[in-house]
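Note that the chains take the letters A, B, C, D, E and F in the order they are written out, and that residue 1 is the start of every chain.
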Amino acid sequence: MRRAFLALVARDIRLAAGIGGGGGMAVFFFLTVVAIVPLGVGPDRPVLELLAPGMLWVGLLLASLLTLDRMFQADVEDGSFDLLSMGPLPLELVAVAKSLAHWVVTGLPLVIAAPVLGILLNLPPETMPWLMLAMLVGTPALSFIGAVGAALTVGVRRGGLLASLLVLPFYVPVLIFGVGAVEAAAVGFEGQAARQALLFLGAITLAAIAIGPLGAAAALRAILR
Amino acid sequence: MRRAFLALVARDIRLAAGIGGGGGMAVFFFLTVVAIVPLGVGPDRPVLELLAPGMLWVGLLLASLLTLDRMFQADVEDGSFDLLSMGPLPLELVAVAKSLAHWVVTGLPLVIAAPVLGILLNLPPETMPWLMLAMLVGTPALSFIGAVGAALTVGVRRGGLLASLLVLPFYVPVLIFGVGAVEAAAVGFEGQAARQALLFLGAITLAAIAIGPLGAAAALRAILR
Amino acid sequence: MTTSDLRLAARDLACIRGGRLVFEGLSFEVGAGHALVLTGPNGAGKSSLLRQIAGLLEVEQGEVALTGGDPECGIAEQSHYVGHLDGLKPMMSVIETLRFWRAFLGAGDAASPDAALQAMALAPLADLPVAYLSAGQKRRLSLARLAVAPRPLWLLDEPSVALDAASVARLRDFMAAHLAGGGIIVAATHLDLGLQGAAELRLTREMAS
Amino acid sequence: MTTSDLRLAARDLACIRGGRLVFEGLSFEVGAGHALVLTGPNGAGKSSLLRQIAGLLEVEQGEVALTGGDPECGIAEQSHYVGHLDGLKPMMSVIETLRFWRAFLGAGDAASPDAALQAMALAPLADLPVAYLSAGQKRRLSLARLAVAPRPLWLLDEPSVALDAASVARLRDFMAAHLAGGGIIVAATHLDLGLQGAAELRLTREMAS
Amino acid sequence: MAEFFHMGGYAAYVWTCYGLAAAVVAALVWQSLSDWRRQSSLADKLEKAAGGRVRRAAAPAREDDR
Amino acid sequence: MSLTAAQKFHAYANPARFMALSDRLLAPLWALTLLTLGAGLWFALFNSPPDYQQGETVRIMYVHVPSAWLAMLGYSVMALASAVALIFRHPLADVAAKSAAPIGAAFTFLALATGSLWGKPMWGTWWEWDARMTSVLVLFFLYLGYMALWATIEDPLRAARAAAVLALAGAINIPVIRYSVVWWNTLHQPASVFRMDGPTIAPAMLLPLGLMAAGFTLLFFTLHLVRMRAEIMRRRVRNLRLARADEGEA
């Protein structure tokens, strides 16, 4: 079962990195969003600094939406999903594998790119570790919550908009605490508040990892069978 | 030929709109995106006001990216594209029809909904007409430029990455002038700057309408034959 | 058989796919009212040849021409292609699908969508979404498309796949009627299509070397 | 034939699709080493029945059970399903595809991917991307998947579609070997699959009423 | 009376509020009722067209009541 | 469990007892709704004093607060029905869930709009991103997503199950709305609430508020019944169409 799980994750990463998966798309979109902000706000440094955490997180959310709808849909459309669901993995673990692959392709690169973006947006250098930590802790939640949306819209052509519409309300807490962590860190380094926000973020991610796959599997069963 | 063109546009609108979704989906999606921003950035009104034009345009971009990649791919994957290319319409007109349908489903509803979004984001009421005008003039460019990207994605390995690499840079001018127009209007009503930005936007859109379909058709021919 | 001088001719065709030579030096001719059946092992190039004729695949060398038809149109516009992929949209209804193709392809004096459905025994399913059709029913719908827009050249890639016995018979009659009307059929198949007096072109893997 | 007491039994099955009753009151039994061939007109419910057995479609009423196999696994995990959709990824190579399925399905003492390719005469194409395969070659790859992970029950939906004569013979031998090893096959088809001594279950449209 | 409509200077807000509420409620009621009317008349028509034949889909009222 | 497949299928097409019962209930329900709403409006507009601080704008409350309550009640009904549909597979439950959504969405919209209309004179702003308003906005999006999901999946049985999963997931938002004023310190002061408890004003304002709330609630359930009946008919129509396909085929 471990072998099956790893094989699936590896396959999904490989497919996403290639055609139609749009792993690169997320990063580029993220960059564009972040690059747009100074355009709108003007290069006023203190304002930018204030906005930076929020913009980074908003960009993150939007970028993760971009690739969500293909998470299950591609496999369902070409019949692979039938075969996957007959394998040794319960559907819940299939959902975990796919969420994980999604995170590796969209979340992880963004976490790695975060410091660069932070500099572009004038984040104080001391907050960088906090920013990265918050993103590392928070982004998995996006993929795992997103899986439910992706599962619910399986079978809907051009489900991208619908999936985003369904998922965004559930992204709100991640956004709030994600921004909270970075902002708190920016104000008072090593602050109590930052640590607390991180804890909340961690809790949300854990909950998403625990519940997301169950929801996704339930939705897939309901819709496909 | 006119009949074929209209039939294709109607079909694509119908397919994109889903069974009952309609253009409403794009608007509601857009609403959620716009609502996300203040949550991230904080409810500070003057800042929001500054960000509003940028956010509106980023939202537009996202809505259009989310639906673009399937513009041709869906038809190519299920074989309809073979049949479409054997019809009376040259491939260029097929591309026009599909871009048009894409705009009707994603761009147009957003233009119409723009005032509501403006209120949510605290845009001064005087800028509303400018905002709508800018969106009306600018959004077709997104669909027509996007068509080239969508055509390039079709069947190409690593297409996702390639398309975003290719399309996003071309979106940037639209974004810059789009944001510029609204901002200029916000600063000085009836301003020279706003009009100029609108002119640029119009020029970009015209160029996109003229060149986009040619590019898309060329890409499709090169890739599929 | 009408006295049309329609004629499909290929001369010295070659095909390269994915950098590999599939066949070369292929020539044939088919006249109005006649059918050509393509046979041969998997990968011999039957589908590729059909796609070349339809203009869906580049012709590496040689040429294909349809003479005696509408001089203003290319081959593609004068032919119907039925491939492995059916090009059906799951969410459109059966009748909508045919209506769309009729409007898009420019109907002329073709059968109405309803008559076409009747011919393929799909009439009761007219209002169902395509997603509800079984494999054979989908294939029948693809074939019904040929009836809603008249085109002289039919390019059929394994048209009888997934059809039950009754539908195979219906297809046979449908093709016979097209030939009787002066049309041309080129069909790739592994099975007997029941086309009487059809010429056979056997492609082999060795044609490439 | 091994002395296994494997047995697939369905009792009083019913199937509803998209709100329409497809069949009801269906019962059958197949023992180890035996095959059941499903026949019937398009839309009779052959594919639906196979999907129900595979656990891919809800069983509205009645039950299917596989006894005598691995008591820890459900039917789905003990069966291979080959449907109309082939589940192949165009960008993966032929050999990668088989390697993935072997790793995913848990190989046991199955044939290696290379041996499986050999059996389906795909060995020369091993390193090609799946996108380069012809229709018949793709189908052979789908079938090769059955060899890389041993499972006792095979559910085949029109497996011979798109295959050339030589491949049909290969498929026949492949199925015969599976039966000889004590496996069970349930196959839907409109053509003769050459399964000797197979029982036939004929579905008709009237079973629904 | 004029004072009543004036609403202590907040007429615009109060009356828009009530007007909007009335409009939304009216629209909802109208949409619900017309949907009911359309569906039930369609069902009647189809049932009539089917005559007694479609027993499977539209069985007599009581039999399947649970 | 001795139900045949065909009968199971009927249960969706024609839950006759519900139709008969609701048919009898509807007329009195409409009458009661109109009566209560009329009385509520009378008190709200003509027979209640202006608030000493908020002046005449307090009359907005008589629409705003019941709308807000109904917005939450609507979602609760939807979530509850969804749970029943998932667990017990009762055929009426997913009809109930689906029918509640548009009504709930309409009330949510009203709560948002009237809140804005109240906010402008009171706080000087149409909109503020505080916790309560945001969470109500999220509620609105949840409703929209729920309806969109129904609209895009053709098969009602599948759509019902998918939508139920969504409705249940979104139910966490209800307590968030309820306690947002407590958990976060927000602009949406609970002060005006407590003012109602004040000895002098409370009864005069409580009566119209109570009547309007009761009227809105009655309206909700009346409309819910109407919509459920329409939905059942829609499924009947769908089944009749499908049956016609079967007839022709056989």
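Note that in this section contacts are C-beta pairs under 8 Å (C-beta built on N, C-alpha and C of every residue); 3 or more make two chains touch, one makes a residue touch a chain.
Bear in mind the structure is a predicted one, so any value in this text is a computation, not a measurement.
K.L.:
By label order, what chains touch chain B and chain D together?
P.N.:
A, C, F
K.L.:
Look at all chain centres (mean of CA atoms) and spot the one farthest from the centre of chain C.
P.N.:
Chain F.
K.L.:
Could you let me know which interface, B-F or A-D, is made of more C-beta pairs in contact?
P.N.:
Most C-beta pairs in contact, of the two: A-D.
K.L.:
Averaging over Cα atoms per chain, report the distance between chain B and chain C in Å.
P.N.:
Each chain's C-alpha centroid was found; their separation is 37 Å.
K.L.:
Suppose each chain is reduced to the average of its Cα coordinates; what separation in Å results between chain C and chain D?
P.N.:
The separation of the two C-alpha centroids amounts to 30 Å.
K.L.:
Could you state the distance in Å from the CA-based centre of chain A to that of chain B?
P.N.:
The computed centroid separation for chain A versus chain B comes out at 24 Å.
K.L.:
Centre to centre, by mean C-alpha position, how many angstrom separate chain D and chain E?
P.N.:
Taking the mean C-alpha position of each chain, the two centres sit 51 Å apart.
K.L.:
Going by the contact rule already set, what residues in chain E reach two or more other chains?
P.N.:
Where chain E meets two or more other chains at a single residue, that happens at 56.
K.L.:
Where in chain D do residues touch at least two different other chains?
P.N.:
As it turns out, chain D has residues touching two or more other chains at 18, 20-21, 43, 84, 91, 208-209.
K.L.:
Pull out every residue in chain F that's touching 2 or more other chains.
P.N.:
6, 9, 134, 138, 141, 144-145, 148, 152-154, 239, 241-247, 249
K.L.:
Applying the document's contact rule, which stretches of chain C touch chain D when the two form their complex?
P.N.:
17-18, 20, 40-43, 47, 84, 128, 131-137, 140, 157-158, 161-167, 190-191
K.L.:
Looking at the complex, which residues from chain A come into contact with chain D?
P.N.:
Per the stated touch rule, the residues are 1, 3-4, 6-8, 11, 14-15, 18-19, 75, 77-89, 224-225.
K.L.:
Looking at the complex, which residues from chain F come into contact with chain D?
P.N.:
3-6, 8-9, 12, 154-157, 238-239, 242-243, 245-246, 249-250
K.L.:
Which residues, counting only chain B, touch chain F once they are in their complex?
P.N.:
18-21, 24-25, 28, 31-32, 35, 38-39, 42-43, 45, 119-120, 122
K.L.:
Which residues of chain C touch chain B in the complex?
P.N.:
For this pair, the touching residues of chain C are 51, 54-58, 76-77, 79-81, 83-89, 91-92, 100-101, 103-106, 145.
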